[in-house]
Structure formats: C-alpha cells, structure tokens
Amino acid sequence: MDATDMSWLETSIAARKGAGWSRKPETHELTEAKQGRFHYTIGPYSDPVLTVRPGDRIVVETRDAFEGVIKTEQDKPTQKLRLPFVNPQNGPIMIEGAERGDTVAVLIEQMVPRGPNPRGTCCMIPEFGALTGTYYTATLNDPLPEVVRKVDLDEQWVKWTDRVTLPYKPHIGTLSLSPEIDSINSLTPDNHGGNMDLPDMGPGSITYLPVRTAGARLFIGDAHACQGDGEVCGVAVEYPTVTTIRVDLIKGWAIEWPRLEREDFIMAIGSARPLEDAARIAYRELVRWMVAEYDFDQWDAYMMLSQCGRVRLGNFVDPKYTVGAGILKTYLRKP
Amino acid sequence: MDATDMSWLETSIAARKGAGWSRKPETHELTEAKQGRFHYTIGPYSDPVLTVRPGDRIVVETRDAFEGVIKTEQDKPTQKLRLPFVNPQNGPIMIEGAERGDTVAVLIEQMVPRGPNPRGTCCMIPEFGALTGTYYTATLNDPLPEVVRKVDLDEQWVKWTDRVTLPYKPHIGTLSLSPEIDSINSLTPDNHGGNMDLPDMGPGSITYLPVRTAGARLFIGDAHACQGDGEVCGVAVEYPTVTTIRVDLIKGWAIEWPRLEREDFIMAIGSARPLEDAARIAYRELVRWMVAEYDFDQWDAYMMLSQCGRVRLGNFVDPKYTVGAGILKTYLRKP
Amino acid sequence: MDATDMSWLETSIAARKGAGWSRKPETHELTEAKQGRFHYTIGPYSDPVLTVRPGDRIVVETRDAFEGVIKTEQDKPTQKLRLPFVNPQNGPIMIEGAERGDTVAVLIEQMVPRGPNPRGTCCMIPEFGALTGTYYTATLNDPLPEVVRKVDLDEQWVKWTDRVTLPYKPHIGTLSLSPEIDSINSLTPDNHGGNMDLPDMGPGSITYLPVRTAGARLFIGDAHACQGDGEVCGVAVEYPTVTTIRVDLIKGWAIEWPRLEREDFIMAIGSARPLEDAARIAYRELVRWMVAEYDFDQWDAYMMLSQCGRVRLGNFVDPKYTVGAGILKTYLRKP
Amino acid sequence: MDATDMSWLETSIAARKGAGWSRKPETHELTEAKQGRFHYTIGPYSDPVLTVRPGDRIVVETRDAFEGVIKTEQDKPTQKLRLPFVNPQNGPIMIEGAERGDTVAVLIEQMVPRGPNPRGTCCMIPEFGALTGTYYTATLNDPLPEVVRKVDLDEQWVKWTDRVTLPYKPHIGTLSLSPEIDSINSLTPDNHGGNMDLPDMGPGSITYLPVRTAGARLFIGDAHACQGDGEVCGVAVEYPTVTTIRVDLIKGWAIEWPRLEREDFIMAIGSARPLEDAARIAYRELVRWMVAEYDFDQWDAYMMLSQCGRVRLGNFVDPKYTVGAGILKTYLRKP
C-alpha cells in the first residue's frame, strides 16, 4: 500500500476516535523467536508476548495455518495435522489501557510473503470443507481424497497452475481479541473475531474488535495470499508472512460484533450457524450502527439496506460461518 | 444497454449453442391487455399467452410485485395484499421446439420504467423479511410496523430519500420455466428459477433455465429498480416496467439449476434452506460446469474456487433462499 | 383398533365440532381401479375421484411409495424410479360443503396390509436420506450404495431380519388437502400436510387439515408398517394397504397448519427447513391453540411447554422436515 | 431410585467395562463450601476441587442455573443476570488415571431438592428461547416480556400453577468433561457434553463422556425438576439440589460424542446448529456404535434405525442444539 492509498485513513473512524492515532508510533517486532509457542485457542488464559500502547505499530511473523508441516504435495494432511492444533496464532498482545467496553482498531498496513522462495499451501482435508460431509454435517459417505497443492507466489501473483494465475490479494483470516471467559479454538469465529476468513481484511482495512478483558489480548494469524468468497474447499492459499499492523484503542466505544472499514465502505460482521443467522447478525449490527452514528431512522436504514446493502460471504466451512454486511460510505453522508 | 455493450454477446454460450441466435428475431408484444390474468404460480397448468420461436424478442409489460395496489405511503400492506396473490407473473410464453432436457436462454436487453411518473414501492410487511420472526421462523414477538415507501425513479436514479439517491440498477426478480409437475407460487425460488432476486439478472445478462415440460413455459415478473444483496427487508424497489428480452433454445444442453452469464463471469444458482445449502448447490453446480465444459479436473476446480469463487446472495427472505456462485471468465480460458 | 379403544373418540375435537360426526356414515370404496391414475402432486388441478359427505367412511387401497416397482432385493432404485414420480397418492376426494377457512378431520380407523403375502420395502436411494449428501445438501462425495430390503410383515410384526423383528406400527406418511393455488409434489410436506412421516398418524389418530379450496380435495398415501423418528435413511417399511378412514368437516375452524389428536395428547405440526424452524412452527401453533381453546395465558403456555411439551421428529430427509409438538390432555383440563 | 431399579445396572456398559465398578465406592461430599467459586466455563484452566477414584460416589450440592439470584416473581432477569455468568458448575472433579482416549461413566443415583422449602425458577429472558429473535437469530422485533415464575416442588410434584401440577422428573442439564484446549461457557453443548438439557439424563441413567485431558475434569450443574422436549422458552424448572453420582473410568474406550444408557435403551448425543446437524451427528454415532459393538452391518444399522430409531430433542435454545438418537436394547441382542 503506497502513501496515496493511506490518505483516506485520516478520515477513518480510528482517526476520529482512536486514543493513539496522532501519536508517533513505536514499532515492535513480534518475530517467531519472540512469539515462542503459538496458540490454538483465543482466550484469557495464555501469557502475553508483547505489550503495546495505542497507536503503535507491530511487525508480526505469522506462520501458515498448518504451521509449515505440509511441505510437499505428497504429504497427507491427516498424517501431518491433528485437530485442534492447527491455525497457529501470534499473541496475545496486550494493549495498554484497554478495558471491557472499549474497542480496539487494527489497521493492516502491509502483508509480505515470508521466506526466500515463498510458497502457499492449499489442500483438501477429509470431512472439512463446504461440499463434503463433515464433523457436524455428519454423513456416512466415503470422504473426499486428500489433495495437496503447493503454490509459488510473490507480491503480485499466485501461480495457481500452469493454466491459471491469480492476483495476490492478501488478507488476515483470523483476528481476535480474547472473549471474557471462554477460550475458543482458532478455527471458530464468533463475536470476539476469530477465524472470519474475510477477503476484505487485507492491507488498507481497519478491523474493530470489542474488548472483553483488561488489556484486550490481541491474537493474529492465518494469512491468505488470496481466497474466494466462502473458502469453499475449506482452505485458502495459506502462507507465512511478515504482516505489519497498527493498533489503536477507542475508549468507551462498545461494539458487540467485529466491524470493518475500508476507504469506501463500512461493514458489520456476524458469525453463526446456520448461514442465515450470520447474515442476520451482520445486517442487524449494521442497522444499529447506522442508527447510532449516522442519524438514520431504524426502519429507513432497514429498508434502505434492502436496496443497497452489500454482503460478503467469509467462509461457510468453519464451525461457525461468517458474513459481512456493508454499505458504501457515500450513502452515509449527512445532508 | 447500448450497442457497444452488446459485443460480448457474440461469444456467449447462447451465441455458441442457441438454435435461434443467428435468426433475424421477430418481435412480440406482451402487453397487459394481451396478458390478461397474471399468474401467481409457476407450473404446467396455466394457459399460454404467447408462442415464440428461438431467437425471438419479446417486449413485456410487467406489473410491480404488489400489482400496483400499494399506491400511497398510507396504504397498509396487510389490508391491500393477500398471500399467495402477490408477485404477478407474465406468461406462460411457449418456446417452439423446447423439450425436457433442453435449456432456454433469456437475454435481458432493456428494462424501462413504465408509466408517466414512474414510482417504485418498498415496504415492510409483517412477519416477512430477514430481521423479523416470520411464517417459518415462527416467534411470539410483536411484528414490526408496516411502513410503505413510494420512490420516484427514472432510468438513471432512484430517489430513495432527500438524503440518499441510489443508482438505477434494474433487474428481474423472478424468472422461471415450468417445473415438470409441480406448480410453485411465485414467491419461492427452486431449480426451476422462480423468485431468485439476483441483482446480476439485469440488462446485459443471459439466464439459462432448464426445460422440464414441452414448450418450456416461460414466466417473468418482479422487476426491481435496485436491490441490495439479500433483499434484507424482504422488498426491493418494486416497479412496473417495459422489459425487453430475447429468448433462445439450446437443444440437448441439460442443466439441473439455473445459470447466468455476463460479459466477465459465469454463475451457477442454487435456492434452498438453510442458506448454506443454497451456497452448496451453487458451488457444486459450478464445479460440475467447469469439469464438463472447461476442461478442469474436479478437485482442481473445487480447490481453485476456494481461491477465486465469487458469491452473490440473492435473497434470504423468501421461502427458499438464493445464492449465485460465479467465476471470472478470464480464469476459464483454455491454455 | 378394537371397540374399546374407540371410546375416547366421543370426546374428541372432531366429535365436538364435526358437522357429520353423529351421522350414520356411508362407506365408500376407493379401489385401485376406481382411483385409476395415482397422483404425484397435491394441488387443485387434478380430477376428483370421489365425493363424500362429512362423517363418511372411505376404504382406500393405497400403493406403496414406490408404486410396487421395487420387487426384489436385486432391483436398483435408480433404475426403477424417476423423480418426481414417486409416492403415489389416492385422491383427490371431495368433501361436500368444505370451503376455505374450514378444517377437515381425518380419523384413521384401520390399516391392513394388502395382498396375499404382504411385504414391505425399504431401500437406500443415492443422495436421499439424512446421513448422506443430497440434492439440497450438495456434496462431491461418492453416493452411498443402493441397497434394497424386502420385508415380510403381518398385522403384528415386521420381520426386519432373522435377528430383529419389529412391532407392526402402521401409519400414513402423506396426508393432505390441496393448497390454494400451488400444486406440491408428494415428497414435500408444508402447511397443507403432505409427506409428514409422523408415526403418530396411525389407527386411532385424528388429523386436522386446513381447507384452502372448495371441496377440500383430500389426498392420502405412503403407508408405513413402522418407522423410526426422523426416518433416517429416507425410507420406512413402505407397503400397500387397505386403509379405512372417516372424514369429517369442521365449519369455520380455521387452522394454519395440520394438527393431530390421539387419546391422550394433542399435537401441532410444522414442516420447514432448517429443522429448528419446523419445531418453532409446531410449538408456536401449540401455544396459540392453548390460548385460543384451552384458556391459557400466552406466556404461561409458552413457559409451561418448556416443562412438559413433547416433540416428535417426523422426518429430516424430505425437501422440508416435519416436527410435531404435543401436550398431554391431562394438562389441558380446565379448573 | 430404589433398590429394585438398580438391578439392570449390573448389565450396563459401565459394569462390563468400568475399572472401578466392582470396588466398594468411597463417598465424597462436594458441598457449596468445598466448591467455593462455581465455574461458568468448562475447560482445562480451572483448579480442581476434588480428586476421586474410578467407582467412587460423589454427593454434590448444585446451585440453580441462576445461582439463586432470582428470588421473587418481581425480579427482572436482565437486572439480576449478566452473561456469561450463568449456569454455575460444580467441579472440576479429577478422576484418577483418566487420560485422553478413555471414557468416564457418570451414573446419576439420586437428585433431591435442596433447602427447607424448595422452589424452582422458570423465566422468560429477553432474546433467549426458541420462539423469539435471539442473539444469533437476530431480529429487530421488540423482545418478549420478562416473566418470572417461582414454583413449589418436592420429590413427587412440581406445582406449576393452581391449575397444573407436573410430575417431578429430575435430571442434570449440564454434564461435561473438559475439552482438550478450549474452555467453553456452560451455556453451550458440544462434543465435550455441556448444556445438553436431555430429560433422559436423570436418576437411573449413565452418561458416557470422552476424556480429552489428563484427569478428565468433570463438571456438573444445571439441575431441572422437569423439562419438556426442546426446553422451548429457554428455561426449565431450575432448582438447587443434592445430587448423588457415581463415576467410573473406562480405559481405552474412545468415544467422540457423549452417550447415554438407561435400562431399556442406549442413546448417542449430538450438539450443533442447525438442528438437523445435531440429529445427523447423533444418528451417525449410533450407527457407528451398533457396528463397532453390536455386530451390525453399517447399512443394516442405518436402514433399521429408519424403522425403530428414537429421537429426543434436548434443547433448541442454546448456542448449539442437542439431539439424542436411541434404540431399544431389545433390538440389539445378538442372535
């Protein structure tokens, strides 16, 4: 993201409300070495790896969702992986001054593939994905085969096959603050964030997450070099990155579910099953947001979103599914 | 749609496979008078109003989804409407030579608001919509209020309120061929088409529908001047139009669910509850399509859609919900 | 059902409200020959086979759900069946005087296996059933195998295998009046009745169905010699019967969904997807019923059903799923 | 439960497989004082309150689901309760020798109301329950009213109202071992047990739970004096008890989901959303159980359950819903 793209940030919610936005940010490194043990649950019971102040920048070395153990196309996911020990998370990062009822803003500034010859990994895991019987949608059918795909990539392209090259569209799959008392595996999204798999959550986006414990306890991981809506086979192009984020703290802004902002739209995010419940949550939060902060009448907002609301399907493969409901900022301007 | 936009049509599936594509089309008028009684079910039991040949053009006078009875913002939907007598359909139009196992292509050429001072109608109908208890998601809560919005519109804009003006993005909400033996109310989408509410189904799109009875029996109605993803309050900007379509017949191309083509993408369409099942159907059909006609290996198609598939939520308010799963044509090119 | 069991009928809803209950019933025969063509859709577009008066008895020769074409365990369902031509229905039977807003009561008096050496049929049909990917829960897994089981039975026992003998517990799987304008395939239950697959709907039960067209248009079929909750593999022990019913007409009793009464309980029936919606419909109807006719306060009824409501899962394999929510009559007694 | 009822236990799975069944049990008291702080999450991060040996008896003082704070019918749940601090659990109780891959058996011997004038509590909590919009099935409707009912009860009867008295049918709503790394709030059932709300889980039942951490970490709470199928309003007759259980350890019996045994049937238990997925899990587990331990062919088990399977709806109000699928032991007898 070059400097030009940054200009909208000055009018963002984070810029208007963030306690540390105008500070000169201190930059922290969260290397693999500093991280030590990665985490597979998001909760209040793990030891902090870093403490930052609102407005600070953090450069994070993320691992891929398989923690690098799927090295060749001959590897079998069932032999290399054991649930729930997948989707390793960096963190928890403590944000100074954060208390229940606040909101943390996470601006993703940059995502760079890590390593000398960066490759991403996609695979089919038995009884995981949208077009197969699963652990929860339990069937007696034989599972689909295990297939692994290792994919060369750089900051422009993902070389899917000799035939198809896809644009590099990096984003963070799993971004979370700690729940109040639960500790939730990193495969599951919910109102704390978690494994949302939203392609919008890439460089140039700000994600807003509700603080439920003192210090907020930020977790981040699960970088995707690209991903289609719904992540239909259950796996994106998973890869290790150096991801640069800037975090801020919005005191007293209590939100119930994660929210996202980009240059041209805002989005509320819901995660639930069945999928219509995820969409209901997202749209209700968006209606409430428009009423609380953009001077809309509730029924006007509801009926207007029926004309111009935009839905992004994050995933429908995780233990809960994720939907974002958004609206263009141009429709939010006050008269 | 001006002549320039039309050029891609020459490479469309309809152009390649349609029996009547290269014919000089005859143009038929399906006026209100010629239609006579509109229909509220899609099935094999109604009398044809028109018979056309593959490649013909039809200019259809559609009524709005409330058949014009909601005239002012003081009207009460519950007093003016009685289910299942809503969403009136033009048709059935017979297509010469169509037999079970064929596919009909419907190109939407143009949608023009009808009447001297065209207005659209949106409203909140008790126990209908996504953010309320409904007939099927039965609750004991008091219903939401009845609210009616009458909206001025033209071929460029929809004047939602003094504050917000939305672009005119017309599309057909309900497009169907007859099921084999069922006759299905026009509120419900399924594998015959029906009330899909996909914003993509506007001018410049071609919809492919499976033929299940002799003559195909095409129904069309439910024009929207614009609509957000999901049609969250249950109602779009409903309005009467003059809609121009061109129909063609693809002999021996047997599809199971509706499909859609635009200049830059193809899309498979599924309708079901819960919403994840609609998405599963759409994505499975898209995988199968890529395998059958674009030389993809099944697992490669499945995993690749996990990286570049695009999902459109039609509606999640009807008796069944609709999802389209698409892929850019650029990724389908053969090496 | 012997004479003793019949005694409770005199206190049934049908006895209290039925127009023809006290009439001496005329008995009609609806043989296969008289039926002629069986029906695969339930709707207003088929020709009546019989007209009866409220209170009359009808002796119906039903076919099994596969219309007898699966004759041996070597038959392949996919070779013998073609959807939607399964689950053949007797009818429509017209009930004199029935108009929209009335209710028809159907007392099942007796179900006797038909034929010299009666056998039932169970089978596994690819992509049908609860523990497999299906047409709607679309997966890419290989289908389950086709397996056919032919089962000897009599009026006491179903000889499932050498190892297991099950009690004969006959019931009607599909019982319907016509929808107002739709014609719905006989595989799908909804507010008109249809393929509910409730084991309670056997001899000694009265089913109440809402009248939506003049004459009511009663359809009946799909006899099961026994069935577990949910009909998990998609098929019960399907068999041909001579089924004796008595029909009555309750003028001006407008119900929205089917209801059922047995000696000791009443039950409201909902059909929808996802399954929780079927349960919501059933319980809401039961609450409303208790309020309207048994002098309960709405919130008291709701909270009390949370303590003593009883749920029967009909099926979760059809295009819509069916749940019955019931309460013992003993808790309905007025003080 | 008197001595006579106990006799079947000698043939139970626990008796055949349990490491401590034939030991003379030591009896432990887990009083409120000994418990100290009750728990609202089920996980590996809390401090044990007791360690027992396989076969031991534990007498537990449970609190009601509201921890006793709803004292009168004038109390407002929204003023007295704060999520997630509801449904307090006793435990964790460590079982000596338990390791991942084992199973713990919990026999409920007795449940006695606690306190001098025992009363139960039922209430309606805004946006909680099956017939209302909820946190996940998000709607814009006004919430239902808050209603509280305090109910006298004893070991025979629950005095619901002057009009209706219900039988005392006690059971444990929430029974769990710890997940491997997650810590899950006590409102949510899943494969670790949790808030299953199965009326079958009362005195005379044995529940089998999969061990996922060393020592098993047993939690117990949420006693109901009675409950209808589905717990439709979201709350049963919640009350404090003295509950006597006996725990045993089955080494090397690895189960994936909870199971239950009573004198005449066995049951597999699934928890998920949507509700059909809970039923799918339960039935698949039951098929697998019949194949692994009762010598059934897989397809025979599947088709036979379609004829004689029995479904219990636990609840469809929690963050995940619970279904039990069972079969009579009489059908499991080997030839």
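The chains carry the letters A, B, C and D, assigned in the order they are written, with residues numbered from 1 in each.
Heads up, the rule we're going with is that a contact is a pair of C-beta atoms (placed from the backbone, for glycine too) under 8 Å apart; a residue touches a chain by one contact, two chains touch by 3 or more.
Treat the numbers as computed from the prediction; the structure is a model and nothing was measured.
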item: Chain pair, B-D or C-D, that carries the greater number of C-beta contacts; value: C-D
item: Per Cα centroids, the chain farthest from subunit C; value: A
item: Chain centre separation in whole Å, for subunit D relative to subunit A (CA means); value: 35
item: Interchain centroid distance [CA atoms averaged], subunit B/subunit D, Å; value: 48
item: Rounded Å distance between subunit C and subunit D, as computed from the means of their C-alpha atoms; value: 33
item: Touching two or more other chains - residues of subunit C; value: 131, 137-140, 144, 273-274, 280, 283-284, 287, 302
item: Residues of subunit D defined as touching subunit A within the complex; value: 40-41, 43, 45, 84, 136-140, 180-185, 270, 272-274, 277, 280-281, 283-285, 287, 298, 302
item: Residues of subunit B that touch subunit D when the two form their complex; value: 131-133, 137-144, 274
item: Subunit A - residues contacting subunit B, complex; value: 122-124, 129-131, 144-145, 147, 149, 158, 160-164, 166, 226-237, 273-276, 279-280, 283-284, 287, 299-300, 302-311, 313, 316, 321, 325, 331, 333-335
